[in-house]
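Each of the next two complexes has chain A plus one other chain: chain B in the first, chain C in the second.
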Partner chain A sequence: MATLERMDWYDIARTTNWTPQYVPEDELFPAELSGHMDIPMDKWEIYDEPFKQTFPEYVKVQREKDAGAYSVKAALERSKLYENADPGWLSVLKAHYGAIARGEYAASGAEARMVRFAKAPGQRNMATLGMLDEIRHSQMQLFFPHEYVSKDRQFDWAHKALDTNEWAAIAARSMFDDMMMGRSAVEVGLMLTFAFETGFTNMQFLGLAADAAEAGDWTFSSLISSIQTDESRHAQIGGPLIGVLVANGKKAEAQRMVDSAVWRAWKLFSVLTGPTMDYYTPLEHRKQSFKEFMQEWIVAQFERSLLDLGLDKPWYWDIFMREIEDQHHGMHLGVWYWRQTAWWNPAAGVSTAERQWLEEKYPGWNKTWGACWDVITDNLVEGRKELAYPETLPVVCNMCQLPINTTPGAGWQVRDYPHEHDGRLYHFCSEPCRKIFQDEPQRYAGHQSIVDRFLSGEIQPMNLAGALQYMGLAPGESGDDAHNFKWADTIRDERLKKAS
Partner chain B sequence: MAMFPLTANFEGDFVLQLVAVDTENTMDEVAQAAAHHSVGRRVARRPGCAMRVRRQGAEQAFPRKQKLADSGLKPMECVEIVWESEAR
Partner chain C sequence: MSGMDKAHLNNMVGPVMRQGALARAVYEAAELDNPGRKIQMEDKVAYVRIQTENEMILRQDTIEEMLGKPFKLNQLEVDMASFAGRIETLDDHVRFYFAKRF
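Right after this comes the complex of A and B.
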């Protein structure tokens, strides 16, 4: 029997809105779950998804993608990647899996909210496929690291991280919950798919796949590429929504959602992706600095798509541009210094050659960030290793949940952005994190940061051992220098050679 | 006497840190407590310099012998610890 071409029936099959007779429309699409902002049903029906795929096509393509990724994994299982890879690369894998795998599963719930409560039929259609994508991503990113669990307990954090109170897990969970779990169908469309996925993860996955190939990790490269092709489809759910909102006088609401989500995504990127690109990836495998990557792939492309869709650049764009230069250096230094509280082993990335690269990519690095690393390096070279471990906690931001930090040394400009609400003093890392709180205090005021929990006595005993236990970091899981300080030994040798 | 947590921002360091001090501590003792977590760890020592404590954004430092209890600082308020040449 002859079948119709897809576009001969797609529009009809997708037109699934109807006039409810047994319940009022507001019960079928409650405002808090739908996020419709009283825009009438027929206005949502103009939503036209840019990427059209039918369910049979989806199943066929996904099956092929799965077969490809799993067969690469099977073929390379004996390649001894774990034994041969640079420890810095293994840290990239551990940080990625722990922060992302379970977040993908949560994302399937957010997509499901769009499937059920979006008033735009096209959005529901795309989100159905997106929901299935996210389940696949979670399953794959749990299955792939599982082969390493017997070799290295830190890989168990692919599954465990987001169930713990480890500080980076709290930060990731705080952002994902805000963007996905506690939002309406429209908010999820704008904040998760447009801001986070179009703005960041789609491009991030492209970069990560290339880095993996460069590092010789073909299994991870094919996995990430396979996921990225899904991202590039379902990330497009949000774009047409902006058109509907702008056309119906809701530009300010759309702008606020995008502004909030872009900023929160940026902060998480600065701690996960920035250190990975500029410090953990072995020098010979680095293609671009994080700043170059951000400017080329994220900033330029995202700025264009924002303007094309009728929105403005976020109000904090200048602050964002400044942070791209700097913020990830501080996140890296913080993770390395407090490395016992991470589930991966951060690579310091400050050998003599690496510092030259950093100075070249970030002029002035030596006088600022380098000044802190000078003291750390001297301590390690001169046998004062105990000073390379912390004895207190960094103060973290009550929005992004990350250490409040910025440029040290000669360019010292660290500061708190405080705010008092209902008698409680909150600390923020930046004007945008504070503004997001001030715009919706009822959403954020109840959350306790890791420092708040420490001060309230929730973490016992009130010392490092108590903190590690609270974070769920068992012996063998707690992080340390990825290269066991060999880089400092090399610097000591270089100094001795110079002196002789 | 009571434990009093502060947010410490040490000149030249990169991060705000939690410092536990006591309401009876002088500002010099507060500076020492903050220095313990920064100086010699990520901030180079500065022989011949004193450390002064000021409220974030203030131009004037607190008097060195002033007790924390008399400073008007709130728990977890951010203080800056800055270097000052002894000659001043």
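Right after this comes the complex of A and C.
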């Protein structure tokens, strides 16, 4: 029996809008959940999803994907990756799973909101598949690290990190909740699927897959690149939405959503992905620098599509270009210094050879960030280890929830973008973080940063022990130098050799 | 700034495939289905970036022939982890393109 080709029936099958008779349209699609901005129903029907897939095809293709990823895991389960991997690489895995695995369930919820409340039938159809994709991503990224829990309790954080008040978990939750939990179908389409998924997830799920392959961790490489094949499809939900909004005079609104999401994603990636690629991944396995991956994925690929779809470069383009050069170096220095508050063991990544690589990739590194590491290194080499621990708190941005820092130099330069709202003084790391707050103060005003909580007395006792307890970090979970300072011993040997 | 602030001014389109047999078949099909266009392949070990200027067509039949086994176009997704440009998915071919040129 001859069967119809997909395109012979696809449009008819997915055109599921109807005229409601029992309730008014606004009750069926409340403005705050659909985000329709009073664009009439028929205007949404021009939405034509560029990456088409039907449910029967979806099930078949997903089964094939799962068979691939799970069989690689099964084949390599006895390869003793945990025992043989560099401790820096294990930290990459811990940071990735903890910050991301449970967030995938939240993403499924956001997709489900589009399934129910999007006015464009094509968007509802694609989001149905996206909703299932994200369940797959959570389940796999909870299952894969589970084999390591019995060897190392930091891997328990793959599952529980986002349930804690650990600072990086607060930062990740703040960004993901903003993008997924408290947004309408249109906002999710633009902020999560377009800005975050066609842009930043490529960095984490393909850039990092390249490093994983170099490091010989084929299980992780295959897992995350397989996840990205789902993103590649459902991330296309946002593109046609831009067309609908631009055609109906809502370009400024679309631009603001995308600008906000790109910036928030950037800040989180500067603390999560930047240090893992340029410091934790063993030097010989680094496929490209973080900056080179940013150029490949975010600037050359994502920003190019943004322009093609009718939006403009973000207003903070120049600030963004500058931050790509240096922001993650400050984040890394901070995470390593406050390492007891992380659920992974940060690798310092500043051996002599690594510093040469950093200087080559980021000219000027030695004179700036390197000067800070010189002090830390001297203290360790000369036996003053106690000075390589912090005694104070960093100042944390009231938007990205990350330590405010800037490239050190000869002059005293404090980075601070303050803003007063309803009698409370907020501090931001940058103009974009402040602008995001000013655009929607009601969304962010009530949030307390981890430092606000400390200063208000919510964290007791007001010392490191109290902070670790508040963050849920038990002994054995609290981070330390990934290589137990062996890199400093090597530098001491190098110096002795030179002196003799 | 190492060309970073200009990197978006390009017209490169095409799929980013996870490494494996399908990636190789897609690269070979891209050469056959896009006569006159120079197809670039950047190998990043975990993934390969297969690109050309402005427009790329990939036909189901060509991929199937290069793969040497039955292949439906929707199976491209099994290993297509990303792509540059816009996409159009039809019954017998997929097209990557840009609406604007730089």
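The working rule: the second predicted complex is superposed on the first by the 490 of 500 C-alpha atoms of A that agree within 3 Å, B and C clash if a C-alpha of one lies under 4 Å from a C-alpha of the other, contacts with A are read in each partner's own complex, and residues count from 1 in each chain.
Simple rule for what comes next: a residue touches a chain if its C-beta (ideal position, glycine included) is under 8 Å from a C-beta of that chain, and two chains touch if they have at least 3 such contacts.
Keep in mind that this is a model prediction, so the values were computed, not measured.
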Considering only touches as defined above, state whether A:451 meets chain B (first), chain C (second), both or neither. first
Of the partners chain B and chain C, which touch A:425 in the superposed model: first, second, both, neither? first
With the two structures laid over each other on chain A, which partner does A:307 touch: chain B (first), chain C (second), both, or neither? second
* Partner chain in contact with A:385 - chain B first, chain C second, else both or neither -> neither
### Query
Does the superposition put A:337 against chain B (first), chain C (second), both, or neither?
first
>> Looking at A:287, would you say it contacts chain B, chain C, both, or neither? Reply first, second, both or neither.
In response: second
Contacts of A:228 with chain B and chain C, given as first, second, both or neither: second
Between chain B and chain C, more residues of chain A are touched by C
Chain A residues contacting chain B in one complex and chain C in the other none
As the complex stands, chain B meets chain A at residues 5, 7, 9, 11-20, 36-37, 40-44, 56-57, 74-78
In their shared complex, chain C is touched by residues of chain A numbered 5-7, 50-53, 57, 60-61, 64-65, 68, 202, 205-206, 209-210, 212-214, 221-222, 225-226, 228-229, 231-233, 236, 239, 287-288, 291, 294-295, 299-301, 303-305, 307-309, 313, 317-318, 321, 324-325
Listed in rising order, chain A residues that touch chain B in their complex are 330, 333-334, 337, 369, 371-372, 374-376, 379, 384, 387-388, 390-395, 403-409, 412, 414-416, 418, 425, 427, 451, 454-455
Seen from chain C, its contact residues with chain A in the complex are 1-5, 7-10, 12, 16, 18-19, 44-47, 72, 74-75, 77-91, 98-100, 102
